[in-house]
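Below is one structure, written out as structure tokens; the observations come after it.
When the chains are written out, they are named A, B and C in that same order, and each has its own residue count from 1.
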Amino acid sequence: MSTRLTYHGAASYEIVTPTHTILVDPFLSGNPLAPCGPDDLRPPDLILVSHAAADHYGDAAVVARRSGAAVVCDSAVRAKLIDDGVDPRRITQTTWGIVVGVAGLTIRPVECHHWSMATLSDGSTVVGNPLAFVFETEPGVRIYHYGDTCIFDMRLIGELYRPTVGLLGCTVPRELLHLIDGPGTYLSGEMDPDEAARAAEMLGLELAVACHYLTPNEDVARFLELVARHDTSGKRRAVAPLVGQTLVVEPGNHWIEG
Amino acid sequence: MSTRLTYHGAASYEIVTPTHTILVDPFLSGNPLAPCGPDDLRPPDLILVSHAAADHYGDAAVVARRSGAAVVCDSAVRAKLIDDGVDPRRITQTTWGIVVGVAGLTIRPVECHHWSMATLSDGSTVVGNPLAFVFETEPGVRIYHYGDTCIFDMRLIGELYRPTVGLLGCTVPRELLHLIDGPGTYLSGEMDPDEAARAAEMLGLELAVACHYLTPNEDVARFLELVARHDTSGKRRAVAPLVGQTLVVEPGNHWIEG
Amino acid sequence: MSTRLTYHGAASYEIVTPTHTILVDPFLSGNPLAPCGPDDLRPPDLILVSHAAADHYGDAAVVARRSGAAVVCDSAVRAKLIDDGVDPRRITQTTWGIVVGVAGLTIRPVECHHWSMATLSDGSTVVGNPLAFVFETEPGVRIYHYGDTCIFDMRLIGELYRPTVGLLGCTVPRELLHLIDGPGTYLSGEMDPDEAARAAEMLGLELAVACHYLTPNEDVARFLELVARHDTSGKRRAVAPLVGQTLVVEPGNHWIEG
């Protein structure tokens, strides 16, 4: 058995488990390096959306409408999905700690220290609370998706839910920075390479996966170096797939295809 | 002297101290197992509302209007109370850390890692920040109400404010799950039994009280077991009152009536 | 070289570095003890606004419009600034962890456990996420502005970003308490003196600066005592400038002028 994570860039993954297909933060239409469009995806069993930011919410509504897949999300994403024509009966709203069983899967939302806001078609704004996720895809493969959190003391999450694979933002997609208004320049993502490598240690990961880029940059390279430096287990691996590549994970092993 | 906590189910308690009556998260009208209606309560001196979710806000407005009691809450609950006809002069809004003196009581709001949102009568939404509470009801009895938090590192709260009695969610009211939209099933509350038992340890409680159920279920039974397993003090007690029962607390002692 | 911090009261400072002028949480017009009005300030290079509360947002829009200075803030402050006529091209919105380069300065927003909400001119509310800030003003002077946070485990912030000077709320501006609606009395600020002194220790500060008052009160005096009590470094200094005074900071040294 193995779990296949195809990277779309930003925080978007299609995760194919031995039994299910899970789509996380599907950012394709607005993604200049997207390996496919939302209509090219196999219909997922489940869509997870961490928060309502455009580069995470992405094509969630399009895919949900077309596939009828269940969605797990916070209240802001739920409001935006409904505004975008998704049947509320397909959406399960949850919050930190409330584990949900859906589509035969068990999804644990954990704290994400970020922010979730959407603007609806009538101009009103909705605010929820952003989610990170932990879920087991097969025995011995437990995936943590960081959902754009900044660093905080994640040791409890590591101790209690023992993720083995962590998808960890360590930079910011440079190709999207022109979309940011204002006079300033974003010099880091919500976590920088050192913070993300420390997160890997706090979570006790076996495999730390760089996340939140389109083209790997020097932050990503630095993350791959720093994971080892912060590793007290002596066996943590680190990887940074290219957009379009598939990271294949088995307990204790991984490789990249594509 | 003693402090009497009558459980209404969910996170609702009437807490009668030697000098005052405090109503917390009064969920009665929507509560299929409520031991009484909001009009049957003795008029409280103070109402605490942790956040704006329906099963916590409950009958706060009804009781506040009828009794004229002061309310301590966040900004979302305040907006909803005003929308529901409560005089703003009876409402004290606070936030994490700002201790308030009201009705002769001292109430400390502490971090609650959850989410507080209400929809007002005009369809607009308001978002605040959810509260947990610590307050002393008599010398040596300091009550922590968890306000629907998920687990986080609560050791600072334990060290600084030394609660002796903790009302800790450890499950989800199963009788209310049909109200949850969507395809998923809630498999836990914001804390599960193990997390709640760990919270009791981090808070350094003398008495850990199961909370967030209507009928005690296997989660509650498991919590009662796990409190001892996570207890490094060797003297932590655990209890799970039935709805309608009264937990009587004195320093170092407790029993159940009813 | 030195860095000059002129205190306006509440959490408002004009910070003059060897190369730039930074205005933080400029609360002047509504401040009964303000040493000057917003039009008397030298035009800043940068305005930092921690969150949208009136005593922190203050005159940010007035100063931004007049000076054309860049503003770094969260989404709620951004929405309010735009509503108040500030050009969006002058505003850089960020969130926890996303370091921004702006006006030749590097600003790190860090977690602030508080709440940021504004009401716009059309009556709608916007909610963001509140910011604390760390920034270096000269080699060896790294300033932490607390942005109204309550206490939490700040050791990661101390370890990772090593602030040397911390502006730490330890009380509440008593002169403004009449503006608080409702039956209760605020007995503390978001941090009390003991909490703020513990924050100084967790952050590893060299210089702990009392903040969030207009006239120094007994909380401020208590903070100055408690900083030493919680200091494991043996060399932490503490100071409480009067409104209108200037705290001058060099690496390893400080004095007050005015």
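Methods note: a contact is a pair of C-beta atoms (placed from the backbone, for glycine too) under 8 Å apart; a residue touches a chain by one contact, two chains touch by 3 or more.
Everything numeric in this text was worked out from a predicted model, so none of it was measured.
Q: Over half shared numbers or under half: where do the identical copies chain A and chain B land at their interface, same or different?
A: Mostly different residues.
Q: What angle, rounded to the nearest 5°, describes the rotation that places the Cα atoms of chain B on chain C?
A: C-alpha superposition angle, chain B on chain C: 120 degrees.
Q: Determine the centre-to-centre distance between chain A and chain B, using the mean Cα coordinates as centres, and give it in whole Å.
A: The mean C-alpha positions of chain A and chain B differ by 33 Å.
Q: What parts of chain B, by residue number, touch at least two of the other chains?
A: 124, 127, 153
Q: Enumerate the contact residues on chain B facing chain C in the complex.
A: Of all residues in chain B, those touching chain C are 70, 72, 74-75, 88-103, 106-107, 110-111, 124, 126-129, 153, 156, 160.
Q: Along chain A, where are the residues that touch chain C in the complex?
A: Interface residues on the chain A side: 113-115, 117, 124-125, 127, 150-153, 172, 180-192, 194-195, 198.
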